[in-house]
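Before I ask anything, let me first share the structure, which is written out below as structure tokens.
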Amino acid sequence: MPEYTAYFNGEWVPLRNVNIDVSTDRGFYVGDSVFDVARTFNGKSFRMKEHVDRLYRSLSYVRIDPGISVGEMYDVSEQAIQRNEHLRAQAGDYTVHQFVTRGHGRRAWQAVDPTVCVRVSPVDFANFAHLYEGGMHAAVTNSRSYDPSSLDPKVKHYSRLNFNLAELEANDIDSGALPILLDQAGNVTEGTGYNVFIVTNGILRTPGDRSILQGVSRGMVFDLARQLKIPFVEEDLQPYDVYTADEAFFCTTSWSIMPVTYVDRRPIGNGKPGTLTTQLISAWSESVGVDIVGQAVRFATK
Amino acid sequence: MPEYTAYFNGEWVPLRNVNIDVSTDRGFYVGDSVFDVARTFNGKSFRMKEHVDRLYRSLSYVRIDPGISVGEMYDVSEQAIQRNEHLRAQAGDYTVHQFVTRGHGRRAWQAVDPTVCVRVSPVDFANFAHLYEGGMHAAVTNSRSYDPSSLDPKVKHYSRLNFNLAELEANDIDSGALPILLDQAGNVTEGTGYNVFIVTNGILRTPGDRSILQGVSRGMVFDLARQLKIPFVEEDLQPYDVYTADEAFFCTTSWSIMPVTYVDRRPIGNGKPGTLTTQLISAWSESVGVDIVGQAVRFATK
Amino acid sequence: MPEYTAYFNGEWVPLRNVNIDVSTDRGFYVGDSVFDVARTFNGKSFRMKEHVDRLYRSLSYVRIDPGISVGEMYDVSEQAIQRNEHLRAQAGDYTVHQFVTRGHGRRAWQAVDPTVCVRVSPVDFANFAHLYEGGMHAAVTNSRSYDPSSLDPKVKHYSRLNFNLAELEANDIDSGALPILLDQAGNVTEGTGYNVFIVTNGILRTPGDRSILQGVSRGMVFDLARQLKIPFVEEDLQPYDVYTADEAFFCTTSWSIMPVTYVDRRPIGNGKPGTLTTQLISAWSESVGVDIVGQAVRFATK
Amino acid sequence: MPEYTAYFNGEWVPLRNVNIDVSTDRGFYVGDSVFDVARTFNGKSFRMKEHVDRLYRSLSYVRIDPGISVGEMYDVSEQAIQRNEHLRAQAGDYTVHQFVTRGHGRRAWQAVDPTVCVRVSPVDFANFAHLYEGGMHAAVTNSRSYDPSSLDPKVKHYSRLNFNLAELEANDIDSGALPILLDQAGNVTEGTGYNVFIVTNGILRTPGDRSILQGVSRGMVFDLARQLKIPFVEEDLQPYDVYTADEAFFCTTSWSIMPVTYVDRRPIGNGKPGTLTTQLISAWSESVGVDIVGQAVRFATK
Amino acid sequence: MPEYTAYFNGEWVPLRNVNIDVSTDRGFYVGDSVFDVARTFNGKSFRMKEHVDRLYRSLSYVRIDPGISVGEMYDVSEQAIQRNEHLRAQAGDYTVHQFVTRGHGRRAWQAVDPTVCVRVSPVDFANFAHLYEGGMHAAVTNSRSYDPSSLDPKVKHYSRLNFNLAELEANDIDSGALPILLDQAGNVTEGTGYNVFIVTNGILRTPGDRSILQGVSRGMVFDLARQLKIPFVEEDLQPYDVYTADEAFFCTTSWSIMPVTYVDRRPIGNGKPGTLTTQLISAWSESVGVDIVGQAVRFATK
Amino acid sequence: MPEYTAYFNGEWVPLRNVNIDVSTDRGFYVGDSVFDVARTFNGKSFRMKEHVDRLYRSLSYVRIDPGISVGEMYDVSEQAIQRNEHLRAQAGDYTVHQFVTRGHGRRAWQAVDPTVCVRVSPVDFANFAHLYEGGMHAAVTNSRSYDPSSLDPKVKHYSRLNFNLAELEANDIDSGALPILLDQAGNVTEGTGYNVFIVTNGILRTPGDRSILQGVSRGMVFDLARQLKIPFVEEDLQPYDVYTADEAFFCTTSWSIMPVTYVDRRPIGNGKPGTLTTQLISAWSESVGVDIVGQAVRFATK
């Protein structure tokens, strides 16, 4: 791996020097941390302000003071991109990770010295580029999302052991499928790092944010839908709605939009990426000046 | 801090060399890990087999294969104590931490190379020794335990952001108080790393294990209760039961048993450590050959 | 009863020859079946395509392959009407029932030879014609709708033992009243085969489809409301909303729209069919070219 | 199939003459029916009285009057065995099915002429005999049991569409596996016609009857456990308890006891039928004078 | 009504002088009060200490300081009986009511001057004496008990609007029937001031105290059961258990034990007061030296 | 206190003569009552019709017949203002309270002689006038709102013991803070007599009426928002939404609108009353012709 430069507790250091003390950093041994992830298109950050704002909402919710302002975090994030620009040619584009832990101390209210890190890494195109054409398979898992009364899913954090269980379960149901989690009431929530959309009779439908992350890509989909005059609605959805939809897709920072063509072994629509899905991918590509699928395929094989 | 020796991925290394790669180790960036903590009394491990068995139940639940058998993990844990025995005089006694992450890979089912670590650290007597005499204050928090349908509380893991929120909330309600969390149905579950007991009319009462960790110290309390002929019961408890109890205490590996004398600003019984609580601490001390309170006070001031 | 002709497993047979093997057909002994019901107005099918589409959504949800396409099922359904047209004069109009069972086999995934049937029967006008004038009585029952996590109410199926209990309970509360069921959270869902509407301050209100069948008649009400410029909304409703509404009505295939004038022994509005309700019945009558109430009264006494 | 004789609405008729009118019998088109199933060992009925009593509890719950007394139903059930004794040699043993529908009429409170049937059929040994040796695989499904507030699982009925979905899901997770369903709170309930037991540290554990059928075989297991001095407990269990158990088995009328060796792809204990499980099968065999496994294997291949 | 003497804010006054200021006493206009009710048998208080202790548990839960100690409240309660002994002949026996409001002030934490009252009134024999012989009818209502997360049912308070709704609903279902309420999960809780018991196969069964008042009469039933060697159990019960029970009864301070013979229009057992129920009434009568039924009938007609 | 005149059971009497019989009036001893509260601005009633209509919806829900019509209640309420106009100068303005109890009788369905009262009292300006400038503090409490299945929050009643507990809890968390209650699912509901609004990105957001009172002031806020072209939405909100909002305020009859600047010790926006909040207060003042804040401050110090 190339020698990336990362921001770590006020300094710029080689990424390999960024380490967490497993004995004393609350971010590791009690999951006391929040994070966010943005990405670049052709080296330019995408909606960085929205990512940093969401990070600071997470910080506010968990009452961690990172010691730097929202504006400084934005600047550091942009700098992280610039400082690693010379290494970008091989990667194609970067994801930009910010994380903050509450630091050190026996109880949360005794903690001091938060750990703050901003780092880049190559978009992992090889993991998903081949899936745009036929669409991804998905499965509804038995492991549920955390209830907001335990931990609000609008906070972006690392306490995700249940996401890992969900990935194993989805793979059991349909090998290679990715999970869709339900909430306690049996409504569709999100995947393990991506939001869920379906299309029914020409209308984009997606869960409201009671049980999901307020995805930045999800916001982009809303904006593109407005631009393309596609009506959309946030509402409670059940697996029935997904199984009987005309189209389905996931969206997240790295993929932008990923068609979903099978859910719980049932074909969605005709089992191929849908018309509106394809249209949204094109509009997104145009908007960022990058052929999303083309770039992914090109760099996946590097 | 003295130079402790730790087991890390098959080798014995200085503890300061134990680090987690924040970019690639799933144990950090998706909370994909489980752990356990035992302790010593006078340098002898306490119920180590039960701790290691519980760790392997956690591993089985999350389907991580640590690459070493339960017997090997036991041996490594005992060795960790022996290899650091020369440093124990100043600490008094050790806690012994084992943790395992799923390793590296994009999705849980793609992960390889689990991270396995066993390390010791001094019991943090200074944090709690002064609380035995008057008892601890506690508060019932708004943040709830994870529902078993999201993540079973019988698994011991680091995905504990909600525990941190609960600690902040308890401190809001009564400065310095520690949390008691409820489940979705409003039943008492556990604290942030300790089990809850109350005494009503001479009977020890504690929640069943639907929504709690199967505490090893909790098991010890049951054994001591049998020995002392104190009847005990596992049952659903509500805050009413706690507020109107005659006594209350917490139990965990480091404290053994800690009296709780105020909950949500209401005195429990007469607001002093209870008779049975004190009796149980004595019996425990006798059983392990260590004056639990005395040792804590002695080493707290070192 | 006249000799109706029915479609049964690929053939047209006398209805009396349509029988289910109680020992081997999963549709009987494990309730492994779905169905739908359309009706005619003056012998013409009403929204047959929507009924057949819903049937195929049910089939998709339960993963039964009926062996004939959605287009073939539509044709068969229309044929069922035509083949019995000579008997319609006495009945007035027909309901058209399609049902499909998973067939035969020990476990659902071993099943073969689905049973497929399409049949007509006279609209049972005598059962409801007399209720249009004064309106029906209803009662909120203790038996709840199935939760979507057990069985999605958007699927139309015969596993309705709870509907039967609800009918008995409604009759206990107010003799002859029909049930309104709640979901687990205490929200209004539907009746035993009909959707529920109320009118509050000139607005039509009805539950969303999380806990109800996506009624074809309900869709017709929406269309008529658009045509008549009556605003309408899908939202969570509680019994309070029903008790304090200005009007209430049920809708279903056979009745079209039925005024509801008492709920749990409380008069709705002034205890008589409401203005908008009446207006909707008229608009529906006009739309299908049949005086809905008049026809019902006329054929009820035959 | 041989010509079995069945009781049908007061008469003894050839089984092939037992048919349900799909247009008018509420037992088919609204699932308005209850049933029970007993079996014979060497042609002698097993706990027939308990089965008939449970049937009458179901009838009482749903308020169907079958028109014959509990004593008459018992006699008819025994007669059904006797009348088909001459055909038993090839079958080995029979299951005895009783079912009652509410009969005919538009609403449940208008129904008349209940349908009452008692029939025998050969135990389907071929379906399960080969599973005793290695144990069955099972999977926890996403489809949940009905909540008691919708329809009490203690009633034995045919409204089981959710059981069929669960079977498909279990087969998705692990081909050929049978389902274990959870309740709304994520507790283990039962399978699609069998109760669930686990063994932990020498104790038999099984869910209480809030969310399950009060299995007659389950009662037999309790009796055998008493006889063998195996402690047992009814309590809330979660998947964690199953995954980490030492043994697991299902019990039902046809199998008696069936070892379960894998759940959600995790081996239970060492992945082989457990010691106590095997002991219970032997004790049952001895009690009924039939080698349960031997008989099954012998007749499976006929 | 005779001129009873009551304790009111530290003084003994005629009962007609006890009034609540509707504008300023929080006990009225925000339901900020708790209470308890004991009774006498032949003029002697029955388990007064348990009633006063429960009152003080209620006070502790709601954090009202009544300004007098638990011992003083006990003395005042006994005095209330003595001061009205001269009027008891006509009444037969008294109920003794204690209530405490939080007093006056805008917010609960600003309240001062609690209102404290202890008063007697004649047991209302005429309301229930005639029901012992045939047993009472009951009905399961749609209105649920408060969830413990809203307001713990173990607290005895006047905020009982839902109890009034339940009484109306029970009367709708079966005229004159009294209610049985369920909790949110559909389990049986209690009535509007009485606990529920059933008898199944010789075992007394009653809900645990998660969702009910810890009835003093309920405790007496347990004591009598121990004395009579009747096994009893506290457990979750559903309506199924009640409908299919052999016997049922309610217990409360005024009735002691009241047979219940119909629930939701279904006969319990043979529809007559049960054997164990009758036995318990006799044992209670003997224990207090009063023929419970005889006294009720005698004074009912006065 | 001045000698106010009140309507009490058909007569106009001095307020001090309005008393509730604690032994016999169901409104006290079983909380069997409903109420409403309006207020005046400069002596003119504000939306009195909406308050009286809501009172009659409450009466309809609980099935109390007050014996006077909705029109009569309106007239009596206006008269109560007029009859006390001569005393208004010192008070500034009045709140107008109507309450109705079900009267007297052993069971709700036996009750007769409802108690009906309408009275005025001075707006308690001193309790809140000082809070407009800096805004109020609030805290999310552990005590939850009643679930609609127990008692619908749209009914305005005195059975509010849980509100009192919530006030104590809020004060524990942040001294002087007022409560925000959640529902069983963890969604924001309302305070102890006031509705909750937040502002996010220029949009007014407030919970729908499943779990709250249909506040008349809330309706006024909607009307002002329409007038000021501020978009608003009713939707499920979680504490996350409140903590991360730009502004927050409460509304109720006496305060009209009260800025909220801290929730659970987190500043809302910049910790000062928000722009839209202030704008709404101004618009309300203009609409009623009273400087809301000015009047409050002026009369608070009287």
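Chains here go by letter, A, B, C, D, E and F, matching the order in which they are written, and residues are numbered from 1 within each.
Here is the rule we use: contacts are C-beta pairs under 8 Å (C-beta built on N, C-alpha and C of every residue); 3 or more make two chains touch, one makes a residue touch a chain.
Here the structure is a predicted model, which means the values were calculated and not measured.
Student: For the homomeric pair subunit E and subunit F, should the interface be classed as same or different, according to whether the shared residue numbers exceed half of all numbers used?
Tutor: same
Student: Select the interface copy of A-B from among B-E, C-E or E-F: the correct pair shares over half of its contact pairs, counted by residue number.
Tutor: E-F
Student: Express in whole angstrom the distance between the two chain centres, defined as the mean CA positions of subunit C and subunit D.
Tutor: Their C-alpha centroids are separated by 33 Å.
Student: Find the geometric centre of each of subunit B and subunit F from their Cα atoms only, then give the gap between the two centres in Å, rounded to an integer.
Tutor: Inter-chain centre distance comes to 46 Å.
Student: Can you work out the whole-Å distance between the CA centroids of subunit A and subunit F?
Tutor: Spacing between the chain centres: roughly 43 Å.
Student: For subunit D, write out the residues touching at least two other chains, lowest number first.
Tutor: Only 63, 142, 144, 147, 149, 155, 182, 185-186, 239 qualify.
Student: Once the touch criterion is applied, which pairs of chains come out as touching?
Tutor: A-B, A-C, A-D, A-F, B-D, B-E, B-F, C-D, C-E, C-F, D-E, E-F
Student: Which of the residues in subunit C come into contact with subunit E in the complex?
Tutor: Residue list for subunit C touching subunit E: 140-142, 144, 169, 172-174, 182, 186, 239, 264-265.
Student: Hey, which residues of subunit C end up touching subunit A in the complex?
Tutor: Checking each residue of subunit C against subunit A gives 57, 60-61, 63, 147-149, 152, 154-155, 185, 208, 210.
Student: For the complex, which residues does subunit E have touching subunit D?
Tutor: Contact set of subunit E toward subunit D: 182, 185-187, 235-236, 238-241, 243-244, 266.
Student: What residues of subunit E sit close enough to touch subunit F in their complex?
Tutor: 15, 18-23, 26-35, 62-63, 97, 99, 102, 106-109, 117, 119, 121, 124, 127, 142-147, 149-151, 155, 157-165, 167-168, 171, 178, 184, 192
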